[in-house]
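Everything on this sheet refers to the single structure shown next.
Per-chain residue numbering starts at 1, and chain names A, B, C, D, E and F are given in the order in which the chains are listed.
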């Protein structure tokens, strides 16, 4: 793969481990417990792109634009001018109760695609997949049931779906499908419970994404030891393993 | 971030680890098993504010005003005068069966906001998020179903929500959204089962809150070793790790 | 807190660790696996009170009055005269199938309160909270559903409550609320599965009670090592930790 | 307690650890994984009684009369003459599908009580509680729902019981209540999964029974190390701990 | 028990550990993870019988007759002539979707019994119990509900069975009952998940069967260490413990 | 078994461990966490066949044809000419929400069979079984319910299937049955959660497949140690155990 097919992460030390960057148009899962730097990695990734002429979009249901910008500045990313010039667009989906009935994964991904086109984004970050799955699960309860009704005489019955795994799989597919259609190279964060098995909260997206990068933090005495683990990267002769990670005033650095 | 943007915790030794205090307007999760001092930390936080001209409000569904005040005095916080002058308002929501059908997160947060305005509170403590989530879950069963009904012929059907995680996520969002709108800097406690994985009972709020502080207690022979663990603090160059904690007659002290 | 505000446990060695006794009017959870002495601790607590002019009431769904009295005598508590003079009243709720539909937590707590008034009880033991929660859960299924029905056209629908945790929380609140209104200082036992996480079977009451005392037993070869662990005691400068416990012919002794 | 109040187990070495025998009229849980000798312990207990003028009854849903008798003879219990003279009655409840709808715990316990009266039984063994609970659970689904229906307009609705624990508790109570009314001293077996926490399959009966005896087997190389663990015995100054157990041609022996 | 009452397993080294063979007419569970030789043990057992004048029947829902015969030949069992002469009958139940609605445990066991009579089988192998339980569970949903309906006014309601354990217990009983009525000495395989607790997938059959034999395989470097564990054998002075197992070109050998 | 009955895997070092290759017409499960090379192993297997005159088909719901071809080329498989000549056909089933209601396992397997016939495929890879099971589970809810309805008076009722295991078993059977009818030698991938017990996500297919091959990856410092574990291979004198695995520019190599 030519280096022109790689999209630099902007994280010092990381690109060297993955053939120069994420594969173009790929979708990489950034997974980790709270406080491990998932959002910061996404911000730095978009910042790197915007500084080199690739606009980026940040879709979040968690933090406000202001908080994200403040967080970015804390690690030395002068993000404000880029946001002002719409080289980076931060889009906070407010998914609290009142509005959520109106949102489903198709309409969200359509809206994202429109915005990507408008700003000619090449990079996209979704933070977090876990919360999107939660929101869309509620909406799916009805939709899936609808297509599986059975008729007994004149009565139509809706079977109850006991296991949510098939629904989650469907939602992950829809979101990934939507992301691919944007043409962007995407990062998607997943919440990981401390001590949980698997590489994502949903335990499905790590199989569906093209790449999986884990962020970890271990408390040893008064110190936090941060690390990044490269689990999977399709189309990449990846240098697997676990590497030290520093969150410094000059951004994230992989050591 | 200027130090004027930090809100001092009032806990000796803690502020030095988090750039002088909690970020203004942030929401920090205080999580821990029973008996680790979650309520005391909240009381000391409000006491500190009230002593320096920042009124505070304590919303609880657990303990009576009298008990909380007695607990505060036990660790040397002379809280009574402050409560008398309404520099600290303790609000016990009685959520036992009879009343609970009337309460939902929107109405509760509205009432809290009114009270915050009335006393011009700058600090807010909610104790505990876990019990609020339980109460609101019951109310949500109907509400969410309502917006997802499906029609088959003339019959409308309500799909059953099997997995409560999406509902809990929604409730956490609504509460956090309501807290942000108060303009206060907030502490929110979460119950953590001894030996449970994750950083909260609900396993979601640790991702949604701006900060996560864990209180821990370990029994070693006849001694209890208390500690505080700094897990996450957005917009903060946090000194992570685990530090000794003492609950003394002069309040909580981080060592 | 003046010593007049403490209620002596009657267990040698225990009071010294908790400022002279349980806080007056508090509710303490006594939690442990089978055979660790939960009932005996309650009996000794009531015995201590009755011997010093404080009548007590023992509410149980488990053991008969005769068995409890026999158990008490085995550890040297001459309980019969006190029961005869109604200084200790043992109340066995027979909650087997036939009657249980009639009982709910409100009616039970009302009846308990009446009896407390009649005998002027100052001390109360409930053994076990776990079985009360089980009984009341069945009754709650209908009640909670009732208040959350949703209307669709002319049809009212009852959402199904999938997660029993909110219901258990409500029941715990109702029982604790009822206990507080008796004005007694209360002990409440909880079953703890061998190897279970948390400090009670329901994993909620340890957060709602004012104090938590764990009874433990470990088999080492042919010996049982018994211990008592002080987990939490509000309004108390508790000497936390784990202490040896002996069940002797002279009652329970903390070493 | 006078020795006349103790009922000898017939197991060499065991009675010495529990003040000479099980407390008269008590109900003791015999719990263990498959192949640990639960049925044999029950048989030896009944054999011991029958040899000393105390008739006994064995209620089982598992093994045929012929198999049980063959098993008993294998460990040197000459049980046939006692069965012939109705000093021991083995009652196999055939609970396979066809009949089960007719059986509930009340009717079963009534029938057991009639038989106990007829043969003047003083000892009773139920093998296993776990299978009885399974059978009765199916029957309870309807019964409990019946008493908790709620009315909405003209429609009566049956709430769904999601958590089976309250139902299991009710069944355990009913069975224990029925056993007490027989006036016998009872052993009740419970299945325990290898590696399961708690002391019974249902995790409730160990709290409701008067005594708990665990049978354990550990494979060390080509050897099985058997042991008996005394967990709890009400009204007994029990020598707790774990003791070696041998299943020999002369019956079970505790070492 | 006379040696004429034992049925030789045909596995070198095994019979010596269990008094010469399985007890006549007994039902032994052969449990283990995939690839541990459960099917091979059954084949060798039937082969041994057929070579000594005892016809046998193999009921499977998993593998084709051809595959089983090929597997047998791989370990040196010249099974073809025996199958040709109907000394061994391999019966593959095709239980895929289309047919499964027609099958229930009663009709299956009836058909098995007819075939046993026709070929005068003395030995029977069922592979696997786990898959039969799965198939029959679907059929039971309706059947059990039918017998537990409750009437409220004119409406009959079907309670939902939330816990599948009682249904599994019923199915296990029905199958074991059916097997006993064949008069054969039976082996029944159960799937065991790697790392699962208990001795069968269903966690019930190990208590209901007369014997339990575990097959285990442990990977140590490039080697697989196979072993057989004797857990339980009613009516047998079993030499318990774990023994080496070899799957050789001359069949299974216990060392 | 003659070597003509073995189908070479194309993975250097692997065939020597399994008598020269997979048994003809067998179905082997390739199981592992994300990033362990399951798809690559399938590609190499098809590549090996196509290079030796055996056309192959790759059915996937995960990755696009383009991505798979790029992945293959990364490990040195010059796959494009083979795809162009239809010696390898890559078939991506798009199973996102819109279409999924139309697909069930029967129609999918029929379509696969038609394609196999058209290109005269001898080898088949399905990637992944886990996602197919998820998709088909949704469709089964109605189908299975249909065949188990019960009649009460004039009302037909559909029992709810609480446990999804019987449904998963049925789906696995249908897929395996369909694969056998293709006449191909098949590889089927299964997702395995990091730290999960069992050998597949569904915990059933490892018992139903003829062979089970596990791919594993362990992070040791900055290194990934890859290995392949041979768990089971019917009709094969398999050299069991765990072997090193390298993913190199010349394909997968077992060491």
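Simple rule for what comes next: contacts are C-beta pairs under 8 Å (C-beta built on N, C-alpha and C of every residue); 3 or more make two chains touch, one makes a residue touch a chain.
Please read these numbers as outputs of a predicted model, since none were measured by experiment.
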Practice problem: Figure out the least number of contact steps between chain B and chain F, where 1 means they touch directly. | Solution: 2
Quiz item: Both chain B and chain C are touched by which chains?
Solution: none
Quiz item: So how far apart, in whole Å, are chain B and chain E when each is placed at the average of its C-alpha atoms?
Solution: 56
Quiz item: Can you give the whole-Å distance between the Cα centres of chain B and chain D?
Solution: 48
Practice problem: Note the residues in chain C that touch 2 or more other chains, in rising order. | Solution: 143, 149, 160-163
Self-check item: Complex contacts: residues of chain D adjacent to chain C
Solution: 1, 105-106, 143-144, 147-150, 152-153, 155, 157, 159-163, 165-167, 169-170, 173-174, 177, 197-199, 203-204, 206-208, 210, 212, 229, 231-237, 239-243
Quiz item: Mind pulling up the chain B residues that touch chain C in the complex?
Solution: 33-35, 61-63, 67, 70-71, 74, 94-97, 100-101, 128, 130-131, 134-135, 137-139, 141-143, 145-146, 149, 156, 158, 160-164, 191, 193-196, 217, 219-224, 249
